[in-house]
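Chain nomenclature is as follows: A, B, C and D, assigned in order of appearance, with residue numbering initiated at 1 for each chain independently.
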Amino acid sequence: MAKKISKIAVLTSGGDAPGMNAAIRAVVRSCSYYSVSCVGVYRGYQGLIEGDFEDLDARSVRNIINKGGTFLKSTRSMEFKTKEGRAKAYEKLKEKGVDALIVIGGDGTFTGGLYLSQEFDIPIIGIPATIDNDINGTDFTLGYDTALNTVVEAIDKIRDTASSHNRLFLIEVMGRDAGDIALNSGIGAGAEEILIPEEETGADRLIDSLKRSKKSGKTSSIIVVAEGEKSGKNIFELAEFIEENLDDYEIRVSVLGHIQRGGSPSCADRVLASKLGVGAVEGLLDGKRGAMVGIHHQKVVFVPLEEAIKGEAKIDKELRRVADITSV
Amino acid sequence: MAKKISKIAVLTSGGDAPGMNAAIRAVVRSCSYYSVSCVGVYRGYQGLIEGDFEDLDARSVRNIINKGGTFLKSTRSMEFKTKEGRAKAYEKLKEKGVDALIVIGGDGTFTGGLYLSQEFDIPIIGIPATIDNDINGTDFTLGYDTALNTVVEAIDKIRDTASSHNRLFLIEVMGRDAGDIALNSGIGAGAEEILIPEEETGADRLIDSLKRSKKSGKTSSIIVVAEGEKSGKNIFELAEFIEENLDDYEIRVSVLGHIQRGGSPSCADRVLASKLGVGAVEGLLDGKRGAMVGIHHQKVVFVPLEEAIKGEAKIDKELRRVADITSV
Amino acid sequence: MAKKISKIAVLTSGGDAPGMNAAIRAVVRSCSYYSVSCVGVYRGYQGLIEGDFEDLDARSVRNIINKGGTFLKSTRSMEFKTKEGRAKAYEKLKEKGVDALIVIGGDGTFTGGLYLSQEFDIPIIGIPATIDNDINGTDFTLGYDTALNTVVEAIDKIRDTASSHNRLFLIEVMGRDAGDIALNSGIGAGAEEILIPEEETGADRLIDSLKRSKKSGKTSSIIVVAEGEKSGKNIFELAEFIEENLDDYEIRVSVLGHIQRGGSPSCADRVLASKLGVGAVEGLLDGKRGAMVGIHHQKVVFVPLEEAIKGEAKIDKELRRVADITSV
Amino acid sequence: MAKKISKIAVLTSGGDAPGMNAAIRAVVRSCSYYSVSCVGVYRGYQGLIEGDFEDLDARSVRNIINKGGTFLKSTRSMEFKTKEGRAKAYEKLKEKGVDALIVIGGDGTFTGGLYLSQEFDIPIIGIPATIDNDINGTDFTLGYDTALNTVVEAIDKIRDTASSHNRLFLIEVMGRDAGDIALNSGIGAGAEEILIPEEETGADRLIDSLKRSKKSGKTSSIIVVAEGEKSGKNIFELAEFIEENLDDYEIRVSVLGHIQRGGSPSCADRVLASKLGVGAVEGLLDGKRGAMVGIHHQKVVFVPLEEAIKGEAKIDKELRRVADITSV
């Protein structure tokens, strides 16, 4: 029979995402609700190895639900990628009397958690938090909805200038492997064209599309480009390519960059974080191990960590169609 | 065989909601994509009766995706509630050569559309747009996600004052019959208690809850109250009741009011509007009649208008549980 | 010769205002810069009486410049209004070895500070922080610029609904004695009429103005009303009065309330807070006593506290003229 | 005696800035107030040459006070830089019966206006609108306050990530010749160091400063860098230089770019636009010619265009001191 869980540790790891603090809060409050002790681990897996712990109670997490970033901080740990590192981490957990661990992060965070849970007898649940929405087995990851709002608000500002000057703007948004941010923010910002990693649209299609736009009377244009798109050109080269192939376009480039990771989480992200945080604690108490708690059709679900980290392109074809139609 | 549709009219009616402009844009662009003419109707059903029309093409709707309100404007029409009024409206549609109608709004809007479609030979599709999220057959209505963000941003500001002064704030949010705004924004804003129309929580439970909060060390509190909650007291009376029954609390009331209906739509609302706008036009071309286009599990679905207007309380018990746990 | 100052205490008192945290930060950092110790006093004058102190250094105030409210918290103290209360406060300051005091707040805060400085040998400097901008001897108070932005953003949202529905909105903003918020936000929000405490405009002028508006083709209207305006009617009575005297207007009332006090400070408020915080410390080190540090023509100035609390109506006639012309 | 002015034209030129629409609105409304006709010129000086005019009345400018960009649009005109081009422009003004011209923009806009006013008999007044705040003879230019808020909000988001990861961020903000944006937003965002064009701080001072920061216990840092700073390195080279000269710093670069030009204007910018728009029309009616209307000590002032375009470095030494002290 599984050991009764009376102390849970929680950490954040990898790139930060809006909603991480809200998720920590929900974990801590759920522990309090179920009379389980809760330990915060600072600086992710590195802090785990170093035993950088702090006891948390319901009052420790007041007034953080609306804060971006993560108050537990996050780092990359090279040491945790070694078996020795993970062994040290496990020792620290034992010393502290921790029975189970909740890890909040993305792909890399879950991979680390999976190794730890396979090598040592420690129940682990992951909460998906990354603005890229590139985790398998959950409809949404924490931070994604907030990032979409940040991107469309930024493009709204740029559109003021674009339409004042009849200019073409190329705007780079995050997304190395997943085009979800680009596709959704592109539709939301009314972009004329959207380049994503999952498609071989490339530079030529872009030129055709811009020619059509011009013919149909458009005088300014926004092109949203995911970091990882596949034209083989970076965004500045893409801008040059367009200038060479199209007359009459004054082109500007804007790389939105790190503003996309920060900011106060949207209501949807705060609610999702609350659901997943509660779900993670209840899952552990209920005997779930080595799993991610995700959201599917608005219900909390559990998925093996192995499944969650399978990077599968899941481009939403319906959404691509909507993008094409509404940018007519 | 159904008559081929070559001209579609679109109107907005009832209370405005963020995302209405984005939906109109998607309807117009879809018409353009499928080479169907599009006619905008100003001032809802009243404008329909008066023939207040304007031809719209793809360029007519540029730079509106990010605007709150509705550029087609909206009014209540007493005349349209009479059979004579609806007959006049139908005549105007025939004169203008309109083959089908898309109505954007809530409950009342759909009821009007249902009558029209039953009395006359005109295909009608409704797009659900109301911040209250109280339409049957769709997971979300347009404007709801934006309203949630508006509410949590407002409460975030108020919390600054609440925690600076150790005060108790009662905050009234919209929702006459549905507690969705209150429940979600309450969780998102970290409210200590949430009163919704679907529950008989009442004032006494609130007093108990506040006493527990105080005992657990909370020094400031936010109570979110839906307009339609069932304590039998209005929010100012509720404040007095608390002051009489609890010592040591300095209480303030804030009625958020009309700011909840306005503002630039969130990315999620813009994407939803785009999906539903495209869906409405494709539905009509595909032979759908007297239906609402909604979203269910992220897919576009069609529901008979009769179904959509069935007001059914659908309180999300899971969410209520999350609220109770995270406010510990 | 004045005693050398080697320890400064800082507190916030009265209603909170955005920028208070930024001012505390600047005080603490300036102390650090000039190698003076700094002590934070929690809960204003009440905390002073109770000796609720915490030593602050440069790192204590990191990441607070952008936070609304005041992390030192603020309360009203009845006890401090008595000579005995102030005597206790002075004792606590002596015990703690504090040589000088910086008080951040408005009118009431300065009055308290003035008494203390007159009755006991303690140098005091006040930093004006109140959203109402009603302090004499400074062009701007902390929080005022932020509040103006909060108000115009709220009215922008309401205008979406107003212009979608051709409605008249009466919007109440803060300002019991001073019309600065109403006048500036009214111009900024494009209000058709503005009612302020300094003028006897009254309800009749409003009716005339609305009749003119209507004649000139306006279809929706925003009226900004300061809390303390002098029509003798509250805003709901004013709405009824208009409905009785004008046909065809659907009227709505919105009381913006406490959202006006909160929120992340604007850049201008953060810079002003930084200037005033530095100025306060440098003023004390320079021998200034019983004074307020203010801003005049973008320069830091010192004004006796007696002057600062003289409530003088200072309606900006030029601005009233601008309001009248631009609302044509 | 000067000819009576009965028709005024207004245009926007150069880079767009938030508040341009509010200024156009104030010009149009003032014309209406003084019963003067008003003509809008599209696309700046190029539209002037081409006679791209539209009559504007008080209702033409409704609901634009809160919009970024300029609805009259703006372009650069090579042709207007020639005497022939300006002669054509003058002809078009005469044909249209225009008696005076108001030009809204920056440096280049005023230079064009100055030539036109010297070569032809046409009264011209300029309204300073540029986010850079680099115009002589006015305390503030339109758009500057809004840009500051945009920048600090963006850096607030980045700071979430910086402090979650203990990182150093280099953030490039606008300002080729003027450091006003960098200096004010740097103070407002709590930057550890600020590099501006007016100072020879350079890369070495930066290294020293970062070493001190580290020693004093800072774990994350924001460096704000004006576009035109004088280290001789671009921001990416600067990042490399720091990495080579300091251990233990994970460095990220963010170029804020075009978001700084857009967005809904702040209340202060809307009020300033209203004052300057009214001032421009009243100035013309009052006989002012070849002048800029500016703001000095909160009063409207008039300055010869020759003065306005004198690019004088006016670094605020007091503010630099405040930056140094508060970043301790």
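To be clear about the criterion, a contact is a pair of C-beta atoms (placed from the backbone, for glycine too) under 8 Å apart; a residue touches a chain by one contact, two chains touch by 3 or more.
From a predicted model like this one, the values you see are computed outputs, not experimental measurements.
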Query = To reach chain D from chain B by way of touching chains, what is the minimum number of steps?
reply = 2
Remark   = Taking each chain's centre as the mean of its CA atoms, chain B sits from chain C at a distance in Å of 36
Query = Could you state the distance in Å from the CA-based centre of chain A to that of chain C?
reply = 39
Inquiry  = Averaging over Cα atoms per chain, report the distance between chain C and chain D in Å.
reply    = 28
Note = Flagged in chain A as touching 2+ other chains are 156, 159, 163
Key: Touch-based graph of the chains, sorted into line, ring, star, complete or other   = ring
Note = So, in the complex, the side of chain B touching chain A is made of residues 25-26, 29-30, 32-33, 58-59, 62-63, 65-66, 139, 145, 148-149, 151-153, 156, 159, 163, 184-185, 187-190, 216-218, 264, 266-268, 270-271, 274-275, 277-278, 297-300, 318-319, 321-323, 325-328
Task = Mind listing the chain A positions that touch chain D in their complex?
result = 12, 15-16, 18, 20, 67-70, 73-75, 150, 154, 156-161, 163-166, 169, 252-259, 261-263
